[in-house]
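In order of appearance the chains are A, B, C and D, and numbering begins at 1 in each one.
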Amino acid sequence: MTGTALTGMMIVAAGLFATGVFGVLARRGILFQLIALEVALSGPALAFIAAGAYHGDAEGQGMFVLVLTLAAAEVAVGLALFLRIRRSKGSDDSDAVSGLKG
Amino acid sequence: MALIAAALAVTRYNVVHALLYLLAMLLALAAAFFALGAAFAAVLLIMVYAGAIVVLFVFVVMAVGTSPQAIAREREMLQRSWPMPAAISVLVAAPFLFGIGEQAAGNTAPIAAQAVGRLLFGPWAWAIELASFLLLAGLIGVRHIGRDRAQEPEE
Amino acid sequence: MALIALLLLPMFGGFAAYFLGSRRDADRWVSIASLAATLAILIVTVAGGDDGRWLAKVDLPWVPSFGISINFALDGLSAALIGIAAGLGIIGVMASWHEIKVDSGLFHACLCWTVSATIGVFLSFDLLVFAFFWEAQLIPSFMLIAVWGHGAKESAALKFLIFNAVAGFGLLAGVFGLASMADTMTFNAFTLAELKLSTPMQVWLLLGFSLAFLVKLSVPPFHAWLPDAHTLAPTAGSILLAGLLLKTGAYGLFRFSPMLFPDGLLVLAPYGIALGAAGALYGGVVACGQTDAKRLVAYTSVAHMCIVLMGVAAGVEYALAGAVVEMVAHSFSASALFLLIGALYERTQTRDLRELGGLQQSAPKFAAAFALFCSALLALPGTANFVGEALVVVGIFQVNWPFALLALSTLIVSVVYGTRLLKGVTFGAASPAVVRDLGWREIATVLTLAAGTIAVGLYPQSVIGLVGPALKAALVPHLP
Amino acid sequence: MASLLPFVPVSALLGFVLLALVPLRLRRGVVIGVGVGAAIVPALLMLPVGIVCVGGACETGAVVTILTIHVGQLAAQIAMSLDPLSVVAGITVAVVGALVMIYAGAYMSEEPVGDLRRFFAYMNLFLAGMLAVVLAADVLLLFLGWETIGLCSFFLIAYYTKRPKAVAAGTKALVTTRVADTMLLAGLMLLFLATGTTRFDGMLAGVGSIDAWHLAPIAGLIAIGALGKSAQIPFHTWLPSAMAGPTPVSALLHSATMVAAGVILLVRLAPLFAAVPEISACVAVLGLATAMLAALAALLQTDVKKLLAFSTMSQIGFMVLALGIGAPAAALAHFAIHAVFKSLLFLSAGIMSHGAHGDTGIEALRGSRRRQPLAFWTFAIGAAALAGLPLVTAGWYSKEAMLGAVLSSGLWGVPLWALAVAAVVLTGTYSFRVVFVAAGRGPDKSIAPWEGLAVWAPLVALAVLAVLSGFLVDALIRFDGGTPSELPWIATLLGAAAPLAGVALARHLVVYPQLLDQLRAKLRHRKVFRIDSLYYFILVRGFRKLSQVMAGPGGEQAIAPVLEAPPIDVVKLVAGDPIGRALVASATRLVKAVVAAFDPDRIDLLWMRFARALGRAWEHVHRIQTGRVRDQSLGLALGFAGLLLFAWGTSWR
């Protein structure tokens, strides 16, 4: 694997992460924010894999497994929250939830 | 390819479209993993993400349903406030992009699934345990959050 | 071990008072008993102590991996201050016998805990433990003001807490900064004192320490918390604030600044003297303008503590001895005045000098006691206050005579506020027609304090001899 | 016998403790008995000491150490000395004190018990303090007594606590003397630091080794302290108003003993002043100025107690003059004689004014010769001694001794002497003016005169002393180590004629009282009174305003008028006096400047404003805290971006 390929992969990973962040920030629908979060998480995942491949090390993939676990748990909890909020507030707008307002 | 799909995924107004683009992004990513010699990870990605997580989303969307009003509202909301997040995400990405320099050539051999397994269940056993606890906590949390209070008289 | 007993006795006394509650005055008697036992142990320890620098020492590891240890040491200075702490605790209990009606158990617990934490401050030579007790004494005294005070007590208590807690960060920063200079992980003051630090570093660290000490001493411009806290606190709270808490600031300056930062102190000493002189004048002048008797006394505390600051900063033998005597004297006289004004407030429900008056006729015993302590306030020779102030000024004359003249002018101001207080309370027409004169308990406490004031005033050797070794250690080197 | 010395003040001190600090109820008789008894004991103890001293024990100058205090290297001793000065002054104070107290036992017996007890407690404390001052062999004991008598003076002037005027007068006395005392303390401290000892003998021995630049401020500060206590110009303002106290207080404190403490101090430190002739000259000039102006002011008084107060100032001015020109022995002799006749004057004046229903105006005394012949005649004897009628009164001898010393003091002796003689003329005038008025025919008020031994015995004893002790003056001066001066006969003659001229003038003034009124109208606004008002306007008001401003809005009414407003409007007061006006104007401007500096931001308010600003900042900040997920993640992302940028920046190559 060439250094250029690694660089490209890293750029892609950064782009994915940034896109995810943009999604989280810009969208107000909780579902969309969750999807964007998945996108954002896939960026680091790609970075781990690419770096692991570059160094010929299994640890990259090991980390990927952990990221995957994290994503799964997060989606599960996030969707449960989504349903819960929808039921209690009757809306899927994340701005409607502001109990932490100072 | 993955980037375009990702960009589309976060900008769609319809949930189902967004999900489809997410799926496309994940497949593109899996292809990239294959290319990087991480077959195990690619398979895992497709199975867990595309198979489980996206399906979970779909279930929820089906349960909640989608409506033209919701789509219209999403559109309105996004059009109103996109520049600021965009600027910030550029700001986040910029240091990465500048920080990445040209690298020397590295290893090209694919990494076998056995290696990953040996790593995970050898030195990283604690990490696995932690991850499993995370999943367990997520499970319990979902059960707790998802409970319908109206049906429980004591609360 | 006796030293640990000194610390723990009042603490457990406080717990016992809390759990026993006020039935048949059990909490009061338990507090008095534990404080008296503390006093007894102290006397035995001092009497049995060896004649060297330290009367007793304890060094137990606590968290060895971070170099934190229970490192207690008792010398004449700490013995004198601990004696005052325990004694004033007893007097505080006796002074508030009738004043406290709500949550009496908790009140006495807080009182004992304040004394206990203060004793911890006076004993600790591990800087982290010192800082711990430093902060710890704030909490029970905060409670004393906030729960049992008068008027806008909550905001006064909050002001007290905020000022001192913020200043405590200075101390903590200084402690960690100093500890980071050592090669090994230790907070032991004796070990840290042997570090050879550069002068600028010493100055910075000393500034951090001094922030805490000066705020506690209530040196202007950091005095703003004191008048409110003193005025609105219950009598016992005022006594403890004036008698103990202010003294911890003076003690810290006296003990640690020459020990840890001799060069830094040499740099900062002139500013200290200047600040003290200006502050003493400021406190005195402001005291002259007060209408609230207790607030007036509070501002005189500001002035007197500034004199202590001058004494420590001057760093010559007379001035240091004077600072110690002034500390002791102020403990006696300010406590007695707070006690008397508290007793008066209990009877007349006012502390306003414009409304009070005529007690000379209606309560002659009260008036006699009040006259005595007002005389002490204006530094009449023969009272301990005069000895303290005169020695401080003599010391400053050796160092810097313009400041000495400034310091002397505080004596003139003191006569104005002293007579003002006296006239306002005892002279003139009797406005509250009938005022119950002092009861036996009040007479006993007041006489004890009067005896202390006059004994130290006529025979200051009793204090100066006790603190002699500590005094030598606090001398600023290179000064005449 | 010298070991008896420390016990002299003890009984008075015990009397104070018993009366003031023991929380028991005492009956009237017990209070008077304890108060008077405790005051007599010192006199009884002093007499054998005096006899021993005259017998030769004083030659060696024994010093009794009471207490030693170690501060580091230094050992400060509290000690009493047995020397001519302490014995003469001690006997004077003890005897006069005992007699006045006997009188007071009768004079004050109508007062309520509580007040009576307070009175005797402070009188005893005063006596103890005064004895400590005169007997002290060291600075500490001296200053202890010095401040004690100052404080007792405050309490006793303000004895009638319900009269605002009395309380204000007490405060004025205390604050004024405290200013001087502080100077004295500074001087004593400097002297102590220069010589390294607190004992007078050591200090005076060390005077020679101090260079002049240090010695001059020391002597100056000490002189200011002494002048303040002795109510000399410019500290004289407190003494006339101090007459608001009861008559025995005025007799003992404000004429015989306390105000003379400054003289005692100057005598004690005479070698120090001898080493600094410039300061001594200033002291002499101030003393002479006081003697002159106070005599003039005394002439204008309409109140007998005020008149006596000014005469006290004037007489002490003579003593200070004698000290300034280096004749401490003569000053001391006059101190003793003056104590006797001045207390006699006060006591008999007290009885006479009692006969006039407590009115102390001079005119009210008219007719006293009929009403209270004994009081009148003792007053006349006292006045004769005050005036210094030649040959028959003690006052003449001591005054001659002082005048002689002045005349023979060198180049400036003659003019100083001439001025002093002029003052003597005035003395004769004002003292005999009262006598002539009292001798005149007046209404025969039917008030029960005081009877009893306790009233008459002190008067008679003092009167006898005032006449007879004149023959002791020479011996007294020799005893104190001075030499009675031999004067040219013309000077003696003039000195003898001066009081007689004064008496003749007094007669003239009594016959033609309008002369006095004209003089009063001319002088009223130009003399010593003005300094009082200026002090009030510049110092008292300025300080009050300063403390009000610094204490914040709550302190506006904080300071009730310490002194009642002066009778004369300040603008009128300084109308024809550009210097005075400039002084007042600049002082007001100064006060305003200070006020302006302190007004907007007092320290406490500053802190509170800081706190309020924090509160407002919270108001602003909590609006950012919307609680919306998007905004919170925005913050998260921003912080993350910031951190990344920081990391990137630091790793920049």
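Assume a residue touches a chain if its C-beta (ideal position, glycine included) is under 8 Å from a C-beta of that chain, and two chains touch if they have at least 3 such contacts.
These are the chains along with the protein names UniProt gives them: A = NADH-quinone oxidoreductase subunit K; B = NADH-quinone oxidoreductase subunit J; C = NADH-quinone oxidoreductase subunit M; D = NADH-quinone oxidoreductase subunit L.
Model, not experiment: these values are computed from the prediction.
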Relative to subunit D, which chain's C-alpha centre is the most remote? B
Would you say A-B or A-D is joined by more C-beta pairs in contact? A-B
Distance from the mean Cα position of subunit D to that of subunit A, given in whole angstrom: 91
Between subunit A and subunit C, the Cα-mean centres are separated in Å by 60
Subunit A to subunit B: how many Å between their CA centres? 5
From the mean C-alpha coordinate of subunit B to that of subunit D, what's the distance rounded to whole Å? 95
Multi-chain contacts only, two chains or more: what residues does subunit D have there? 634, 637
Can you tell me which residues of subunit A touch two or more of the remaining chains? 21, 24-25, 28
Could you pull out which subunit A residues touch subunit B in their complex? 1-4, 6-7, 9-29, 31-32, 34-36, 38-39, 42, 45-46, 49-50, 52-62, 64-66, 68-77, 79-84, 86-87, 92-93
Can you tell me which positions in subunit D touch subunit B when the two form their complex? 634, 637-638, 640-641, 644-645, 647-648, 651
Subunit A partner, complex, touching residues on subunit B are 2-3, 6-7, 9-11, 15, 18-19, 22, 25-26, 29, 32-33, 36-38, 40-41, 44-45, 48-49, 52-53, 56-57, 60-61, 63-64, 70, 74, 77-78, 81-82, 84-86, 88-90, 92-93, 96-97, 100-111, 115-116, 118-120, 124, 127, 131-132, 134-135, 137-139, 141-142, 145-146, 148
Under the stated contact criterion, what part of subunit D meets subunit A in this complex? 621-622, 624-630, 632-634, 637
Subunit D contact footprint on subunit B (complex, rising order): 84-85, 88-89, 91-92, 95-96, 98-99
